[in-house]
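These are the structures in question, set out in turn.
Below are two complexes that have chain A in common, paired first with chain B and then with chain C.
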Partner chain A sequence: MNVVPALPLMIVAGGACVALLASAGPGGRVRRDGPFWAGAATLIAAAVMSLVLWGDRQEALGGGYRADRFSMLLNLVFLAAAFCALLFSVREPAGVDRRGEYISLLLTSTAGMMLVAGAGDLIALFLGIEILSVALYVLCALEVWRERSLEAGLKYLIVGAVGSSFFLYGLAFLFGASGSVKLSVIGENLSVASFTDEPLLLVAMALIVTGLAFKASAVPFHMWTPDVYEGAPTPITAFMATATKVAALAAFLRIFGGALTDLVDTWQVAIGVVAAASVIVGNVGALVQRNFKRLLAYSSIAQAGYLLIGVAAGTLQGAESVLYYLIAYTAMTLAAFAVIIIREREVEDGEMVDALAGYGRARPVVGVVATVAMLSLAGFPPLSGFIGKFLLFGSAAEQGLWWLAVIGAVGSVVSVAYYLRVLRVMWFGTPAHGGEPRKLLTIPAPVLITAVTAAVAVVGFGLGASLLMDVCRDAAAALLAA
Partner chain B sequence: MEGIPLACYLGVSGGLFLLGLFGVLTRRNPLLLLLAVELMLNSANVALVGFSRYWNVVDGQVFALVVMVVAAAEVVIGLGLVVAVFRQRLALDVDALSSLKG
Partner chain C sequence: MELSDYLPIVVFLAAGLVVGLGILALSKVGRTKQNQVKGLPYESGILATTPVRQRFSIDFYLTAMLFIVFDIELAFIYPVAMVLRDAGATALISLLSFMFTVVVALVWVWRKGALEWR
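Our next item is the complex of A and B:
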């Protein structure tokens, strides 16, 4: 049995065990720093291995895992997001008190995402989704002394488990309609027989869209998002908002863009409606939020909508736009959350937008990071957020889905209002008590470096868009390669 | 196919799924919610095993075994969280868990 293609996955899973053991290891130094360094080394090793495996498809674990350009590209995104979350967690309460569990669970969740991106059959796909979710349920609730953290964990668990049930039921029906759990065989079986009017298959697709919409926090299954994002420790929220969404979209692309690509006429409208509803609800909901974490939660619902517009297009061009925007979205969201993480440690209500009043003037570097992140999320050229949205809406319009492109464009215009509100408060606001913003502590170097790197990446992905697009095109082509 | 027809498997499975869904929508105690979710997951198992027999392949049964392990892990986490909530002396009622709002 060939295990080499699955090595990145195994390195991360093994690293999770090492990090956990290190926290129980001998000597205070190992216990204190061991998990962090084990985690960092694991992520770097897995990223290197993913780069080595970049190339045509190789199968591992009896066809259950596929290492192709698609899964390797997404591996790098997951690993980068996990690395940022690791650096954000330096001196974070949960990251200090329960280092071993914290880092081990972070790595476990990353391994689950990598399994989703490279899943070759339905079993691996479901297992990956569950591994990533179960680890995240615990991570959300890891600050057990904080009521809101526990509440977030429990809510996420129950809603997530219901989502998983829908997803699983859909997979069961997909297996029933096609007679195979292998994604490649499912595609073949369904394309030879004209199964499009088969009720079993329609039910399967509806259930799978429902289940994945829960995971991607798309409307109408988004209600948990603001609560969980607000209650979870902020580095975990940043990880969830980026990597989990990438994993859910990867599953969408693997199933609908890959296996069921011939049935595009059947699922296009369903995904399109979910996308449009997400754009509308997310953007309208974000307008009234005063808490920055909740604002970003609603914004992430809207972003899920933009991404699903690309999935709904159902073309290669749509898939590559989704990949491009996923990478850009990860960078800009991490930059935005870095601002909350920095402010949250200085003042008690640091996650409120008002706590940032005048903060841009007091800390120009953080101000610039926030500005880049917000402008890119809102879609200002020449930042990567603009290019990504342009590609997504363009791919939908090309398929005649004008209504989707228009809703997406109108949604991004509305979103300018709340993104710019944050920036206005930050640069031109005055703190409630007047004078300078309260309490400026030194920012831990890893957090600041990550924030600046993310902001540079947002600009860089915009300026080097054509290079990144070539990579995304190769990755998207791997979805359809037999 | 001899023995029990596929429709029976699917009928039982669909019934269990709807029962679970009904439980999720109406119950407010996290323990009962977990129970209801368990019903939904296991209804998929019944469907998987039924389809597995129908197509005469074992893949579905393997899938069902994997799902059982996953469901057990999920319930363990759920119970752990419920105990943690109980230790914090919070109400065991998801409607009362409402410090996160907006």
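Our next item is the complex of A and C:
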């Protein structure tokens, strides 16, 4: 049994156990600081291991896990998002009160995501989706003294369970139609015979798209997103908005871009319509939001739409654009959430857009971070958000999906309105009571460092786009490698 | 597989619909008689002697939860034990790592004091 390729996954899973045991360990110091350091060390070790394993495909656990450039690149994205969530959680109420549980669940969820990205068969894929989801249900509800947090956890649990069951049902049909659970064998079996009219396969694809759309919060399965994002502890929202979306898109790419790539004509329109609907509903919904967390929730629905445009293209170029945009999206979303995390600890209603009135002038560093994040999300050149969208829409247009590219472009023009409104309030707004924004506390250093690093990454990924694109191209090629 | 092969499923669904709607429709036909016995809570034929909304300790819930976890663990151990001779070290290591995670959870539950009866 070869376990070396699965080592990053195992390190993270083991780290979750260590963090949990540390919180129940002897002595106040170990209990207080142990979980955090265990978590940080675990994430760094797993990232190093992922870099070591960068290369051609190696299979582990009887083919259930595949370490290739695709899964290792996404491992780094998951680990970076988890690391940022860990740093955001310093002094977060839930993170202080239940350190071991909090960090252990965060690591468990990360392990689930890594399993999704590297899944070699349908069973591992489903297990990964479940591991990441179940840990997140609990994390959403972890601030048990806050009704909103409980509501978020319950809503996410119910909707997530529905999504998972659709997904599992779809996988069962896919197994029935193709005769194998191994992703590579499914691809081979389906490419030799003409399967396009097989009703089993059509049902399977419909159910799988539905299930994954729930996880990626794509329209029409997005209704839970604003409520859950608003209610969950903000570092967890940041983690969900980035890493969970990356995992869902990774599953989309593994199944549709990898195993079912020969049937592109069958599923292209379906995913295209979901993408277009997400772009429209997400952007229009965000226009009227007064709560910054809800605004980012609708924005993340729209971003899921942009990403799915690249999946719908069904080409290697589409897959590499999705990977590039996933990385850029993770950086800019983390930067945006850092602003909320900083502000909501200072004032009661810190998650409202109006609470940021004049905040840019009072705290220029935070203001610049927010500006970079918002401009990149809206797609201003030369930031990475612009390049990512350009690549995504380009890959769709290349395949003759002009309508999809046009909807995406119009959607991002609409999005400028609400992203810039945040910046207007921040730089030119006056607080409701006049004068300076209330209560400026010292920002915890880890939060500020993370925020600045994320903003620098947004700019860096834009300026160094060609380097990152080369990496993404190698990773996308691994999807189809025999 | 032809589409007609799925006919039994359609028949099954139709039968379920007919029975369900039939019972619903019959309940609207004719007169209904109310009496005390019909209004009683159904407890498998035994008369209910105490109020149903009793409060009982949350510890029952925790204990039941732990019982289910270890019960299911046993359900995994047994089949592995049956094929251990053929499956060899791979099966043993997989099973041990699975049991390890459950033991970690047990240690945590214990240290958190969830096993103390309050």
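Here is the rule we use: the second predicted complex is superposed on the first by the 482 of 482 C-alpha atoms of A that agree within 3 Å, B and C clash if a C-alpha of one lies under 4 Å from a C-alpha of the other, contacts with A are read in each partner's own complex, and residues count from 1 in each chain.
As a convention for this text, a contact is a pair of C-beta atoms (placed from the backbone, for glycine too) under 8 Å apart; a residue touches a chain by one contact, two chains touch by 3 or more.
As the structure is a prediction and not an experimental result, all values here were calculated from the model.
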item	value
Which of chain B and chain C A:432 touches, first, second, both or neither	neither
Partner chain(s) touched by A:441 [first = chain B, second = chain C, both, neither]	neither
First, second, both or neither for A:100, with chain B first and chain C second	second
Partner chain in contact with A:23 - chain B first, chain C second, else both or neither	second
Touching partner for A:199 - first (chain B), second (chain C), both, neither	second
Which partner, chain B or chain C, touches more chain A residues	B
Chain C contact footprint on chain A (complex, rising order)	1, 13, 17, 20-21, 23-25, 100, 198-200
Residue ranges of chain C in contact with chain A within the complex	1, 3, 6, 89-90, 93, 100-101, 104-105, 107-108, 110-112
Chain B - residues contacting chain A, complex	13, 17, 20, 24, 30, 33-34, 37, 40-41, 43-44, 47-48, 50-51, 54-55, 57, 59-60, 62-63, 66-67, 70, 73-74, 77-78, 80-82, 84-85, 88, 90, 94, 97, 99-102
Touching residues on chain A, where the partner in the complex is chain B	121-123, 126-127, 130, 134, 137-138, 141, 144, 147-148, 150-155, 157-158, 161-162, 164-166, 168-169, 171-173, 175-176, 179-181, 226-227, 230-231, 289-291, 294
